[in-house]
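Encoded as C-alpha cells, the structure appears first; notes follow it.
Which chain is which? They are A, B, C and D, in the order written, and residues in each are numbered from 1.
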Amino acid sequence: MTPRFPTIGLISKPDDPGVADTLALLCDELRLQAREVLLDETAATCFAAPPAPVVTREALAARCDLAIVVGGDGTLLNAARGLVEAEVAVLGVNLGRLGFLADVSPEEIPQRLTEILAGDYEEERRTLLHASVFRNGVEVSQGDALNDVVVHKCDIARMIELETRVDDRLMHILRADGLIVATPTGSTAYALSGGGPIIDPALNALVLVPICPHTLSNRPVVVADRVTIDIRLCGREAQVTCDGQINFPLGTDDRIRIRSKTGTLRLIHPARHDHFAITRRKLRWSEQP
Amino acid sequence: MTPRFPTIGLISKPDDPGVADTLALLCDELRLQAREVLLDETAATCFAAPPAPVVTREALAARCDLAIVVGGDGTLLNAARGLVEAEVAVLGVNLGRLGFLADVSPEEIPQRLTEILAGDYEEERRTLLHASVFRNGVEVSQGDALNDVVVHKCDIARMIELETRVDDRLMHILRADGLIVATPTGSTAYALSGGGPIIDPALNALVLVPICPHTLSNRPVVVADRVTIDIRLCGREAQVTCDGQINFPLGTDDRIRIRSKTGTLRLIHPARHDHFAITRRKLRWSEQP
Amino acid sequence: MTPRFPTIGLISKPDDPGVADTLALLCDELRLQAREVLLDETAATCFAAPPAPVVTREALAARCDLAIVVGGDGTLLNAARGLVEAEVAVLGVNLGRLGFLADVSPEEIPQRLTEILAGDYEEERRTLLHASVFRNGVEVSQGDALNDVVVHKCDIARMIELETRVDDRLMHILRADGLIVATPTGSTAYALSGGGPIIDPALNALVLVPICPHTLSNRPVVVADRVTIDIRLCGREAQVTCDGQINFPLGTDDRIRIRSKTGTLRLIHPARHDHFAITRRKLRWSEQP
Amino acid sequence: MTPRFPTIGLISKPDDPGVADTLALLCDELRLQAREVLLDETAATCFAAPPAPVVTREALAARCDLAIVVGGDGTLLNAARGLVEAEVAVLGVNLGRLGFLADVSPEEIPQRLTEILAGDYEEERRTLLHASVFRNGVEVSQGDALNDVVVHKCDIARMIELETRVDDRLMHILRADGLIVATPTGSTAYALSGGGPIIDPALNALVLVPICPHTLSNRPVVVADRVTIDIRLCGREAQVTCDGQINFPLGTDDRIRIRSKTGTLRLIHPARHDHFAITRRKLRWSEQP
C-alpha cells in the first residue's frame, strides 16, 4: 500500500542558523518513516552537502504530496503562493514564536510527524486572493496573496482616493492611507492593526479594512469570498502589495481587480488544532490582565 | 394560471396615523391586481370597518404567500419572527425614513407593487438566530432574532463575566457590559454601535461584538452561521434580549445557546435593490464631509 | 518638631479577611513611628478589640493629616469623596492586584511607610467631578466622582438621546447607550472600555466618551477641566452614576450639570511612582505579545 | 491714536486662480480702513502689477501686526510656522471649503474685516511643536509643526519599532506603521484618522496616536503640552514629517525629541467663533443620519 504523503519536500527561509539542524532532523525522521525527501534550492543552501536531492520550487511543487516549510508565517506565506496550484499539502514548522500558519515547533517534530504521517491531523482549505492591475484596460501586473492585498499611498504625507466596487456595485469612495483586502488568514495580520475584525478561517469571507480613513464614519466590511472587488485609484500614485512581499506601483486611474483564486491552500495542522487558542496566545487577544 | 402571490397579508405597526391610509392604498392596489387580501389583528385596529378579512398573525402566516409589513424596520423585525417558519415572503413598507428591511416608501407602492406582482423583484434569504436559555441543564426560555441576541448586564454599574464557546471550543472569557451576537442583518444595527464590522447580507456569517470590554485587546469575531455558540454567565445577574424586543432574565451559571434557525426569512426587495447604497444613505457610512 | 503626618486614619473595605492583619500591621508600624492612629467605623468592624480609637469617617477626615485606605481602587474611590474637602492626604494599600490608586502592597508596608513618613514620597493632585441633577430648574440630587459621571439608559433595549453643551456651546446631540464624563483618573477605568484615550493624571482635562453611539462618526472629546458640562436628557428615562457607586434616576428633560470640584484629592504615592508603568502592567497596555 | 493692526501682510497659496481677486479685494478693503498693506512674494506672483509693496516672508513677519492668509488650512499651516516667533496675529481666508483654521469665506471679507479691525474678534493661542532629530547625540535636523509630528515607516510593507519616553519615563515600545504626536489643532487632522480623540484647542495638551499598531491593546494617550517626548527608532529606516509638509529621513537609533515651542500662534477668529460647530460641519462629527 502506498503510504500517506509518499514524497515530501522541504522548504526553508534562507540564512537562518537554526534552519539546518531542523531540516536535518526532518530528513532523518522522514526517511525513518520511508518517505522520499526533496530539498528546495533555498533549503539546500543551508548545507555544504545537502542531505537530499535538490530541486527547484516548481519541481518540488510538481513532485511532492506534502511540503514542510521551516521558518515562520512569513516563510509559509511566501511558499504557499507557489504550492496552491499543484494542490500540495503544506505543514509549517516555526523556528521562533508560534505562528498562525506554522504551528509545529522543532521540539515537537518527531511526535507530530509520526501522527501526521499516520493520518492523525487536520486539513484546512485556505483561500488565496488574486490581484490584477489594469492600465487603460490592459493587465500590467498580477500576483497572489494568502493574507492580504493592500493598496497604499506612496507619499507618506498625502492620502489617496479610491473608489471600490463589489460585484459592480459601488461600495465606497475612500480617502485614506490605503485599503486592505484580507482573507480570514490575513484577518489576524495587517487587517487587525487597521481595526478589522477577526474572521474564522472556516468562513468563506473577505474583509475590506480602510487604513486611517479621512472619513470618521468608515468601518470594515465583510463580504463573501466569491465576489469581485474592483478598486480604482483616483488621482495620486499608489502601490499594491501582496502579503507585504510583492509590490506593484500604481498610476492614476489604474484599476485593481481582486478575486479569490480557484484553488485553495491545503494547510495541515496537528490534530486538535485550536485556532482561537492560538489567536489568544499570539495576540493576547481578550486576555485578562 | 395562478398568479404570483395569490394571497397577501397586511401587517402593520399599531397606533400610527399614517398606517390606515397606506393599508387602504395597499388593499385597493392588491384587489386591482386580483389578489386576495387578509389583515392581521393589529392592522385591523386602524379601521372602524376593516377593508379586508381579519385573521390572527398565525392564520395570516399559514394562509398567505406574501406578507406586506407597514411601519419600519422594527415592525418588520417583530413580524419576521412569526413568518419565517411558514416560509411566507415578506415585503416592508416604511412610513418614515428608509429602512434596511422596509425599503419601499408609501409613494412608491403602486409602481413597486405592479413590478413585484409581475415577478420583477429580488428575493434574499436572511438568517435568524434561535436563542435558548438553560438553567441546571433545563431550557427555561427561548426566542428568535433577525438582528441580534444580546447578553447584557442588569446593574448599570457592574460589568458581567461571560465564557463563550464556539462549537465547543473556548473563544474567550469576557468581562464587559455585554456581548452582541448578530446576523448580517443585525450588523448595521446595535452591533455597529458596539464597533462591529458591516457584514454583507449575502454572507452566511455571524459576528460576536463585545460591549465595552474591560480588556483592551478585545475585537469583534466573525464566524460561519452554522456554528453553535454557548455563552455561560459567570457570577452576576444579566439579561438576554432578542432584537431588542424580547427579554429574559439570567441568573448565575445560566447558559445561552445560540444557533441559526433552520428556516430563513424570504425578504423581498424591489428590483435593482442596492444594499450598500442604502447603508451609505442611512448611516452616512464612509460619506465625504 | 512636629513630625510629618502626626495623625493618621485607617480606612478599609468591609468584610475582607485580609484586612484585619494589614490594619494591625499598619497600627504597629505607625506607633513605632510615634504617630497617632484612628480607625474609621468600617475598619473597626474587623476587630473584636479595635487596636486604636474608632471615629466616624467625618471625624477621621477632620482630625487626620493622612488617611491610609486598605482595599483596592474601589475602596479608595469610595473613601476619596469624603476626604477631599478636608484636604487629607490619601495613601492606598491594595490587598489584591496592584491598583492605579492603591499602589502599595501589604508586604511593602514597613519600608514604604518609613519612606513616606520621612518625606520620601510623591504627592499628586487629582481632580474630582461634581454632578448636579436639575428638574424644572431645581437641583434634585448631586454627587461627587473621582473616576467618572456616567449617564446611562435604564432600559437595556433602548438607546437614549442626550444634548451636551460645554460652556454653553452645543457639543453634540447623541443617541447612544450613554455618555461617560471622566477625569484623567477615570480615563483608565470605564471610559477606556468605551474607547476613550488614556489621559495623563498630570493634565487638567476631562474626557467625554459616548457609549455605543448610534452615529458612526462619534469620537471621544477631551476638554479642559475648568469647563461646565450640561447634559439634557431628551425623551426616555435614564440614570446617572458617580464612580459606579452612587445612582440617581433621571426623567425626561432632566439636566445634569458636571463641573470639577474646587478641592482636589491629595494622592500619595511611594517615591519614583511611575503611572505609565502601572498602566502597562494593569492593562497589558501596548504590551508585545 | 494708532489703529488696531496698523500694518497687515497678505500671504497666499501659489497658483490658484481665485487668489488674485480675493487678494485685490483685501487690499481695497484694508486701504479703505487706512491700513498699510504688504504682499509676500508668493501672493505677489498672482499679479502682473502687485497692488501693494512686495516683501519676503521674513520681512512681512517682522513688519506686520496681522497676517491674512488666503488659501486653506494647508496654506495657513505653512505660513504659521514662519509667523509664530514674530508674534504676528494670523487670520485665515478659505477659498474652498470652510477650514478649521481658515474660517472666513471670501464673501464675508468686507463685514468680517470691519468687525475685526474694530476689535470685535476672538484671539486664540495655538501651541506648535518643535521636533529635533539626533544622530549619535548630534542634532541633524529640526522643524516646527502646528498640527503634528509624524514618525512613519518608509517601506510600505514593514512596520517600525519605536521606544517612546515622556519626561524620561518609558511610555511604550511600539510596533506599528508609525506614531503621530499632535497638538489640539492637529487632533482633527491626521490624528483623528488614526483613531485619536478630538481635543479642545483651549486645552494645553498633546496626543500620541499609534498608526496601525501591531499590538491590539494600544490606545491614544493624552499628555500635558509641557512634556518632552523622546522617540527612539529601533531597527529599520523611517521618516519624520512635520504637518505633512517637511520631511526628514531617519536611520537606526536616531532619536526624535518633540517639545512645544515657547511662542504660540496668535490665531484670529471672527467673533462668536464656535469650534465645535465647525467640527460638526467639517467632519459630520456625531451628526444624526
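One rule holds for everything that comes next: a residue touches a chain if its C-beta (ideal position, glycine included) is under 8 Å from a C-beta of that chain, and two chains touch if they have at least 3 such contacts.
Just so it is clear, the structure is predicted and the values come from calculations on it, not from any experiment.
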- Message: Applying the touch definition from the top, give me the chains sitting in contact with each of subunit B and subunit C.
- Response: A, D
- Tell me whether subunit A and subunit B, two copies of the same sequence, contact each other through the same residue numbers or different ones, using over half shared as the line for same. same
- Query: Where are there more C-beta contacts: C-D or A-C?
  - Reply: C-D
- Message: I'd like the Å distance between the centres of subunit A and subunit C, where a centre is the mean of that chain's Cα atoms.
- Response: 48
- Euclidean distance of C-alpha centroids - subunit C vs subunit D, Å: 37
- Task: Note the residues in subunit B that touch 2 or more other chains, in rising order.
- Result: 192, 213, 215-219, 283-285, 287, 289
- Task: Would you identify the shape of the chain contact graph, picking one of line, ring, star, complete or other?
- Result: complete
- Please name which positions on subunit A make contact with subunit C in the complex. 215-219, 281-284, 287, 289
- Of subunit C, residues touching subunit D in the complex: 166, 169-175, 187, 192, 196-200, 202-203, 205, 207, 210, 213-215, 217-224, 227, 274, 276-277, 280, 283-289
- Message: Looking at the complex, which residues from subunit A come into contact with subunit D?
- Response: 150, 152, 154, 156-159, 176-177, 190, 192-195, 211-217, 239, 241, 244-245, 247, 283-285
